[in-house]
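Questions regarding the structure given below will be posed in turn.
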Amino acid sequence: MSSPQASRATPAPDPATGGKVREWFASVRSRSRRLAAPLSAEDAQLQSMPDASPAKWHLAHTTWFFARFVLDDADAIPDGWDVLFNSYYVGAGDRHPRARRGVLSRPTLAEVLAWREDIDARVLRMLDAACVDQARLETLVLGVHHEQQHQELLLTDIKHALWCNPLAPAYRHDLPRAEPVVSAVDAGPAWLACDEAIVEIGAPRWPDAGADFAYDNETPRHRALLAAHAIARRPVDNAAYAAFVADGGYRSPTLWLSDGWDLVQREGWQRPLYWHEDGEREFTLAGWQPRDPRAPVCHLSHYEADAFARWAGARLPTEIEWEAAAASCTLDGNFADDEAPLHPHAARTASHDGAPQGMFGDTWEWTSSAYGAYPGFRPLAGTLGEYNGKFMSGQLVLRGGSCATPRGHVRASYRNFFPPHARWQFSGLRLAKDFD
Amino acid sequence: MSSPQASRATPAPDPATGGKVREWFASVRSRSRRLAAPLSAEDAQLQSMPDASPAKWHLAHTTWFFARFVLDDADAIPDGWDVLFNSYYVGAGDRHPRARRGVLSRPTLAEVLAWREDIDARVLRMLDAACVDQARLETLVLGVHHEQQHQELLLTDIKHALWCNPLAPAYRHDLPRAEPVVSAVDAGPAWLACDEAIVEIGAPRWPDAGADFAYDNETPRHRALLAAHAIARRPVDNAAYAAFVADGGYRSPTLWLSDGWDLVQREGWQRPLYWHEDGEREFTLAGWQPRDPRAPVCHLSHYEADAFARWAGARLPTEIEWEAAAASCTLDGNFADDEAPLHPHAARTASHDGAPQGMFGDTWEWTSSAYGAYPGFRPLAGTLGEYNGKFMSGQLVLRGGSCATPRGHVRASYRNFFPPHARWQFSGLRLAKDFD
Amino acid sequence: MSSPQASRATPAPDPATGGKVREWFASVRSRSRRLAAPLSAEDAQLQSMPDASPAKWHLAHTTWFFARFVLDDADAIPDGWDVLFNSYYVGAGDRHPRARRGVLSRPTLAEVLAWREDIDARVLRMLDAACVDQARLETLVLGVHHEQQHQELLLTDIKHALWCNPLAPAYRHDLPRAEPVVSAVDAGPAWLACDEAIVEIGAPRWPDAGADFAYDNETPRHRALLAAHAIARRPVDNAAYAAFVADGGYRSPTLWLSDGWDLVQREGWQRPLYWHEDGEREFTLAGWQPRDPRAPVCHLSHYEADAFARWAGARLPTEIEWEAAAASCTLDGNFADDEAPLHPHAARTASHDGAPQGMFGDTWEWTSSAYGAYPGFRPLAGTLGEYNGKFMSGQLVLRGGSCATPRGHVRASYRNFFPPHARWQFSGLRLAKDFD
Amino acid sequence: MSSPQASRATPAPDPATGGKVREWFASVRSRSRRLAAPLSAEDAQLQSMPDASPAKWHLAHTTWFFARFVLDDADAIPDGWDVLFNSYYVGAGDRHPRARRGVLSRPTLAEVLAWREDIDARVLRMLDAACVDQARLETLVLGVHHEQQHQELLLTDIKHALWCNPLAPAYRHDLPRAEPVVSAVDAGPAWLACDEAIVEIGAPRWPDAGADFAYDNETPRHRALLAAHAIARRPVDNAAYAAFVADGGYRSPTLWLSDGWDLVQREGWQRPLYWHEDGEREFTLAGWQPRDPRAPVCHLSHYEADAFARWAGARLPTEIEWEAAAASCTLDGNFADDEAPLHPHAARTASHDGAPQGMFGDTWEWTSSAYGAYPGFRPLAGTLGEYNGKFMSGQLVLRGGSCATPRGHVRASYRNFFPPHARWQFSGLRLAKDFD
């Protein structure tokens, strides 16, 4: 029985140890400000579609989380801001409509940044006090993970917003390029075969004793039956996807799920979201750049990933298959940190050990699994129980994190989820197939 | 290891035996005509929403299936009808838009019925000839099952259409009433507990040698791991659901999936689809009738079923749990046949043996399982491969058949599927829960 | 000062003379039944778009008008029918939604026709009684004119519904063809010039003493200032409109009103509603037929008529200009009666007298006038005051009647009105221009 | 014969005299910058609905007008900006979608303001050169009037955007209050009667010799026949409109045009756009303020103005009636300038001379006239011909200017136009009635 949970890097701190929490909180909060630094107040207000939010809103909402759920001061939230920065917690009162977050010029970016300072100072004072209770510490840990999620959304949302501008401005011009590389020949196999097996997937329920942090939707750790199958050793790259496009993939209804084909027709899709019609370039956080054929393809909807897999004579893996394959992998990859390119890149080095490559980082990988409850799932108690469970409808699971995911945020059991039409995330795929 | 597949009634004929197929084909085709007999030509043309089709269209489309996929005569389909009566087979050419099926007064009902006679005669002649090949026989068997599906849709669609008329006409006034009954006290338990187990679910791949008929989406028969859980012995009844309504279920956002709550707000839902606002009556195929508190609740969307379960401190069963529970049940129940009430009714007799009750017939039961491919799933070859697989997106599995399902049509492995908002089918639920 | 009102044919009867009213009522009512005779019950139920109504509904609604507003029997309207067949009179209670009229299979066509018989008999008995009061007689006269309007809509609505069927069935196969004719050379001028003048337009307020019947929106007769202008002697024909199409008219934004161009883009319009893409045929009440280049063009929206006029270096006439020009015309033309082709045809005979041609019949002619109140306009009293006035927003005036208008129904002062996007009526145009 | 054109204040300069044009251009351009001064870059980017534009876009689009149509330098428009800041001139190339103007963070407000400086300098250099041709001067004059229109829109659009923010921020806190005043008793009559007359309305065609500036839609000056009628001496005030609301005006379908009633139901309208539900306050450019019962009501749609008039037993005036009444008025009122309250106020002084009051400034007054072409109308030549004519569909004329209209911008012949549902402009009404 494999144990994907075993391999993890930079674990979140144990809330029992106040000291590490303090440092980690300060570090993550500080990174949000650095992420927003290249943005003008105007950039930070952009909302290009209802699914995306302004950077300013991300900065404020993550702060609201601490002010609302961690602090106790009645005056931690300025008048009227509670409604503005509640995202979807009906248990926490009224909310400004999601699609209208871009229509808020007040509070200003400067006011939001000042509020961040104030809340951070209050939280740190609280941590420095002797009497912080355990429940509050746990909520704070959840809040930091929550902030990391919004750091990724801040990047994907601003990428979409800048792309909507015909001027196609870059988020940053000084990003390190994910240069096309010719690696040494990789002698490893294309497919990794797995026999039928009972595996353990998921994570122990946090904050139970001894459990590392995990969201409620990853729990409980439980046994699952894996059918015999094979999973691709590498994610699908741009060259392979370009062959699908060239082969008429977007004009062949029998390759598509019925809903997907309707969408392709209605929206006139002809290629991944950010591919230029010139066939050469793609839009990145550094603006229009040449597309590297060997880098993993990304910005696909689930429908596109599924159609590609059918065209390739394969299928998407289930999330159980994916997690079992990830068990043998080091939790490393092209993640977002201060020196990262914020774009997928081709593998730099050959690997000869037969382990799957690129499971973590670069792009989220669509699975064929609908997002739902694990056996024995229980949401968190109280208002925070709305965090994950109520979205278990109409969405698909993605795994592994992307080049926009903060390093240290994901793990093998981590379940991301989006509706099948979504493609503004860094979402790609890896193939699987049944044994013949 | 349990074997739900073992228990089945009135199996579909073995295509190898031409004689039984002939009789079965004739009998099912004839029943469609009887189902349409109470309808005027005007009734038969009604399309009350894009998801529903006119009875005339059902009669014609099922005939088209035989004309197109079973017969070989170039002149079996009158000029122009091919486009009109193709449902969704892109491999079979252009299609009239689904939402516009009600805008066809030609061909007339009489012409469609005459066409049915013609096609039936041709098919029977083909069967009587010596040289029918096996592939064609198999397609014919599929066509008869397909016709049975449309028999159910004909009933649910005309029910919706008649309900849209403020005059609330009945489909039939002579239906036997599903009278409220007071049964003997049932001493059986409310919940049936199951330990963790590996079960076999699904069906062998038809038409492989020795395999009874099953749709491709039920195959292959495969092993699955069942977590420990309990499943309710009886479906939820009207009285229980009325308590949920009275308790403010439709006004409590935290009981609902996020998408469901949005829909409740947008549509102003306050009760199941056909419940009268007077609190006493419900719309049936016999018009407005008193609602029996002990009959299974039906015409719920998945969202309503899920919210009820949460209110009740339980959850919906997975389709694996459901199928495992059905393994011990006789394939009998309140199905649609010539003498049926075409409405759910309360169980007539007490049961003391501890087996689940009402698994088959009365109402389809929503499960928590997204409709997807089983491990090793392969669609049928050719155009008929569009039958099931391309709808594996955004839908949920329902199990067990309803009072509108033709007797003999379903089985333990049968997977029905609808989007979570659909509620014009006879859809109810049964509770499940994790072991505490 | 001209007096267009002077010339009129077949005036509506004077309500004071009961005898003629009786005969006229019976004759118009009878014609509705003849119009519906070619339709099956299925045809009569078709509603192909929210703006159109089923023939059965027209037959019932016109009957409802007499039952509701003329008769006094409490039992003249069967239970529940009042809601079904009220069109838009909020003063007369609830109404079934307009867009859902096609979802009513009950009452059946046969029941509606029987109801017509019943109501006709009741009305005739009332007329035969000695004591009919004047107000009731006037409402009856209004009801007969109202029925004539619906006779035209019955034809235009069924034409649209049959066109929506890919089989393109004909309403009648025995219609006399409007054969292309080569008339003698018409030596008359193309344009008729008018100097500035004060004219009288509109009609005296009916039922004031001495006033012939006219709708309230035609009243009062009043003075208007006509600017110097020229009006075309003949309506625009198919050949001229085809030249506009061939010249790229539908691809030239500067020819169009802004709203019109948006619509052309959104709907992908490339030609008039019923023109076949083969460039040769058009859909008629006799099915697909060759298009006569010399017949007046029809089934244009106001936007198309306006764009054509701009392309031709001209403009649409105002309704004042149109009515002034009609003053010198005999109220004759290609109207709908039992022997009519129900399609526009080219003028059969040359005319040398310089009078405008084709002002009445063939096609309604779009004017540039927004539909609004004349100076001194007062709606009818009571519920019937909703007849015309409340639609004086967002619509344009059309004049002259069409080949589907009952002979005797229109007059020079008659104001028809439709929104600018409507094109399922027999609507064409005549050019006008300012003096250079 | 009356001559409304006679009375005008602060006429636009004669383009023949370059000196005054230079001063006027500089002064108007400078005022735009002052209007934007209270706005942060974030405020200036807000687009709260498709009909409204960001302040930054107004600043850039007005500049684009000069760069595109007046200057000749190929490099006056930075790369890519042409598409961004073209509003609707299809003759001038592609355009960024109107509803997506709020999704542009680049160019920044600072860049737009710098571009204004650059273009202004270029224009002034051009004017200072000896050889400016007459056509270019005329386009420049048109551009300055165009800029004044956008100055008003900048105010109405930012008002709407700030109102969409639950914090309800003020555009300016230092605006002079339009204090409620109790004026001396006004002994003048409520209604002004007019006999039938031929009047001249409209303006001579500019830039014909001797013609003051007027938009093409105001031309030509022409004779019109005025029916006998009476027009109210004062606009409708808040107190009168509040009585309509209190009397159930928004719940009485027979008071409304059919389209208006549909909209009231669909949108749930219960009062004017910016009235608070507390019944006491209204939203202004200075934030929430007490509502003055004696000030003219504003922010009404045409439907609301029309319904109020019907409730009051009156009607809206035609634009001819309005212009004739305005002929005797001094072109003065509560307009927008640097010291203005930017909100309607009650008349400060009694008037005894029987002239209409408040015709200019305070609020635009809805008329009953559809916006269309005057007899003899010809649009401007070339691309600027798109300025007015192509919108002559589906809109209604408003007259007189508002508290947000730049002083000196309007005149008696000035025709503003909006669709009947629009209510974010400062739009009110004045009653008229037919003679009894």
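As written, the chain order gives the labels A, B, C and D, with residue 1 at the start of each chain.
As a convention for this text, contacts are C-beta pairs under 8 Å (C-beta built on N, C-alpha and C of every residue); 3 or more make two chains touch, one makes a residue touch a chain.
Quantities reported herein were computed from a predicted structural model and do not represent experimental measurements.
In this assembly, the C-alpha centroid of subunit A lies 38 Å from the C-alpha centroid of subunit B.
Mean C-alpha positions place subunit A and subunit D at a centre distance of 48 Å.
Taking each chain's centre as the average of its CA atoms, subunit A and subunit C sit 61 Å apart. The multi-chain contact residues of subunit A, meaning those touching 2 or more other chains, do not exist; every residue touches at most one other chain. If touching chains are joined by edges, the resulting network of the protein chains shown is one closed cycle, each chain touching exactly two neighbours. Each chain pair that touches appears in this list: A-B, A-D, B-C, C-D. Contacts from subunit D toward subunit C in the complex involve residues 88, 90-91, 196, 198, 222-225, 227, 229, 253-254, 256-261, 302-303, 306, 315, 368-370, 372-373, 375-376, 385-386, 390-394, 420, 434. Subunit D makes touch with subunit A in their complex at residues 40-43, 45-48, 80, 83-84, 96, 100, 102-109, 161-162, 164-167, 169.
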